[in-house]
Amino acid sequence: MTKNENPPLLEIRNLKVNFHTYRGEVKALNGVYLKIYPREVLALVGESGCGKSVTALTIIGLLPDNAYVLSGEIIYKGRDLLKLSKEEMRLLRASELATVFQDPMTYLNPVLKISTQLEEVFMLHEDSLKEAVVTEKVEGKDVGYAEFLAMKGNPKALLFENHRVSRGEVKRMARKLCVDVLRLVKLPDPERILQQYPFELSGGMRQRVMIAMALARRPSLFIADEITTALDVTIQAQILHLMRELSEKINMSTLMITHDLSVAAEVADRIAVMYGGNVVEVAPTIEIFKNPLHPYTTLLMEAIPNILKPVDTLKSIPGTVPEMINPPPGCRFHPRCPYSMDKCKKEKPELVETSSGHEVACHLYGV
Amino acid sequence: MQGQVGEVRKGELEARLADIKYMLHIFRKNALVMVGTAIALFFIVIALLANIIVDPKLAYPEGYPNNMYPFERKYMWNANHLIQWGTQVALYHGPEFFPLGTDGWGRDLFKMIILAIPVDLYNAAIITVTAAVFGTLLGAIAGYVGGKIDELIMRVTDVFFAFPSLVLALVFAAMFGRTLETLRLAIMLVWWPTYARLMRGQVLSEKEKLYVEALRALGVGHIRILLRHIIPNAIYPILVQATMDLGGVVLTFSALMFLGFSPSPALPELGNLAADGYAHVFDAPWVIIFPGLTMLVMSLAFNLVGDGLRDVLDPRLRR
Amino acid sequence: MKLYEYVIRRLITLIFVLFVVSFIVFYLARGFPSAISPWAPYIHPKMTTEQIEQVIKEHGFDKPLTEQYFYWIRDILRGDWGLTGTWANGRPANEVFFRHFPYTVELAIFGTIITIAIGIPLGIVSAIKNNRLPDHICRVIALAGYSTPSYWFGFILQLIFFFYFSLWGLPHLPSSGASDLEVTKITGIPILDGLLTGNLAFVQDEFLHLILPSFSLAFISLGFLARIVRASMLEVLRQDYIIMARSKGLKDRVVIYRHALKNALIPAVTLIGLFFASLLGGAMITEYVFSWPGVGQQALRAVMQGDSNFLLIYSFVFAIVVVSVNLVVDIIYAFLDPRIRYQ
């Protein structure tokens, strides 16, 4: 557990994001604080509408036109992403931040072949591809995705000087890497898949293709937005297994967004719980299950049916998700909280660390 | 039973009112569309007042049709006018001022245009409304009933689409004589299939929606469902199409007049006025330019409104 | 397999449509009293009464209308489309038709090319800069084109580019007609023949003659195309796979041209097909205004004279054209959208 001693890869501070709608301003993110450390899997858990996807979109800079950031910072490798230009963000998306979305059917272009959609990601790194071709020639060994991955950040500029690389060779290298990365995500017969269109593949296969597209960028941060939600349970298990393997093999951090606690429990090192546009609790996985501090987290845990102790009525949290145009003042959970006090109606609780690695935002804990 | 259906209708009514309020809000925001609406309203007002502002008898020169060219003012342009067309134009040095020159009969073109506006608008409105109502009903029936009737109606629209529209209208008019009624009928025949196709598509998708199933389960009859629920919900694209068609029909109508199908050569109608200038396009260009320009602006206004309506009624924008 | 069925079904529709169309035109043309008696084109003043009777019997003009229809069908199948009236010197209707058809084809091709070349970019720009100034400008241009009276715009073009240009001493475009120069016939389409025979003088002259009428045609319809492309593009840009493409870090230009465009153009293709088909029917008014020797101009005169024979062949060819073009459009559709192909 030495992860906490390294500086975080990504740190979000006091992020507030609103949306213009004709009914009014939707206050989607209300001051989000989040830290992701290198080489970890952080699960961001919460109900629909609590702001998980908005957070992801803000990180990669692809908020829709009617959204705007009121305040906050997103520090990634020393730079505030919110202050970068569109072009700079685009470059980051091409090589550092990879996102996989929920529904692989709608997120893959129906009229383009898989090969086109996958190759174009590799072709964004022409220099690296050229380097790979040269390396193959000079050192005489085969460059596959693993080697390509290792080459990131270790440019061997010297090699370039004496070798000219043709476009055809670059394309061939890209194609080879496509096949390789498809194998990495456990897709059988990659050559055939490359020639197919998205609608010819099954849901699980499409999701793997999307993951492959993310890996092609050799990202440092991999954001998975509800990637298993659209899949049935057995495929879900396979994908999660794959994600765990990948996070061990590849030096990257994963932000796993999900509404399903069991998914989080499968893959995450740490879990962050979101409610109503705020992060309300963060802790390592086992810790949060054993010792949930925030009332919302506690109720969530209680709501999970236990297969060993079947009950007649499932326990649920009373009330509904807050309406974001006129959210409740103070702590947004107070209307549904069994422990709410006067203070909760007026002041929004800050996210503080109670014990090593465990943070919570609740007035119960002396804030 | 009645109460439940009444509830459904009340809910629909409320939802529709809220919708309309939102749509007006968006409509107002679009400057271009507001300009279009303003111009369209302007033309409608002129159409209504035209016969009061300008004496309609001016359209038919003294002694018409026997003494066709009584004035010595044919194809004249005022000598002291701001616009100078060139030396090939005949200039008028007399006391009267013709803001837009005179036409082949010596009539004041400006006044003729004013008289022509109601003729065009009125006919366009009649044609569009009739074609729309007829086409919509047929399309709704085709879509709702389906089966053989649908096939039949679709084949009929196929046939009409296979005709070059102008030819059909022309043939019809040539056969049945050059009256306004035949011309209107001819254009209606050409225009209705679009509405039928449009409505059919709409009804087909509305039919699949859950509320229809609910209404059927409550025992509401087919005709009632069609007339009171489906059609009002599916009507929006039809409204858009009709508004834009006002602009389109007026063009077709005047085009046919231009080709020579007017009941009387002196009828003040924008296409007819332009036809007069056909042979004199170089030495009396105003005879074609100004009626055509008026037609353009009028049609543009309606198209702007229709286009704006389409943007507003786009269901995906209603979030 | 599916394609086969499709084509067959289309052909059946075509035959059905042809029958109905022909019957309607036939009935309208022959069934009503008109200035020319139907057998007038078949006779000339020198014929004796018996010879006239002969002609009438031959073509069934003395029989009731519905029987006449079958005589007429028989005539057609023999290649006899009847003769035209005096307005076309009494030549056989199909000869007149096919002599003028290539000119209409020329105009249709050029008109469509200009429409596509201006309309599609206009629509794309409109969609990308949605609701900002370029969009508004494009919208006005598009709608203005759509609202322009066809008879008016042609004249304005002639006025400016022919009359006033020559008045001001500028190089000007010819105002009417097609080229007067000679060209050897290969395909029958003049400008194509010019290219094939290397007759560049002719090609240039014909091209100059084509510019104004084609542009006049195109101006009116490019607006409509632009609006459709805009709407389609906006729809596509809202799609999830566009967000995905952006999240991959692709350049904006790549996202639009590689990912969005192919999807957005699919509805536009139908429109272009319809437009091309209707142009092949002869843009009557434009041909009239520019004295372009195409089929539309002839049809106009035929209608004025009540000449049913010409109108019949005209309607026939048009119906065939519409169904064929629809078929081609469907094939292109399948080519663009792989989902349809593999169904």
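Read from first to last, the chains carry the letters A, B and C; within each, the first residue is number 1.
Criterion: contacts are C-beta pairs under 8 Å (C-beta built on N, C-alpha and C of every residue); 3 or more make two chains touch, one makes a residue touch a chain.
Quick caveat, the model's predicted, so the values are computed rather than measured.
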| item | value |
| --- | --- |
| Centroid comparison with chain C (C-alpha atoms), farthest chain | A |
| Pair with more cross-chain C-beta pairs in contact, given A-C and B-C | B-C |
| Centroid distance [mean C-alpha coordinates] between chain C and chain A, Å | 54 |
| Distance between the centres, which are taken as Cα means, of chain C and chain B, whole angstrom | 24 |
| Numbers and ranges of chain C residues touching at least 2 other chains | none |
| Multi-partner residues of chain B (each touching 2 or more other chains) | none |
| Contact set on chain C toward chain B in their complex | 13, 16-17, 20-21, 24-25, 28-29, 32, 34, 136, 139-140, 143-144, 146-153, 155-156, 158-159, 163-164, 167, 227, 235, 238, 278, 281-282, 284-285, 288, 299-300, 303-304, 306, 311, 314-315, 318-319, 322-323 |
| Residue ranges of chain B touching chain C (in the complex, touch as defined) | 31-32, 86, 155, 158-159, 161-167, 170-172, 174-176, 247, 251, 254-255, 258-260, 270-271, 274-275, 278, 281-282, 285, 288-289, 291-293, 295-296, 299-300, 302-304, 307, 316 |
| Chain A residues within the chain C interface of the complex | 60, 62, 90-95, 98-99, 101, 103, 106-112, 116, 120-121, 124, 197, 199-200, 210, 213, 217 |
| Interface residues, chain C side, partner chain A - complex | 239-241, 243-251, 254, 258-259, 262-263, 336-339, 342 |
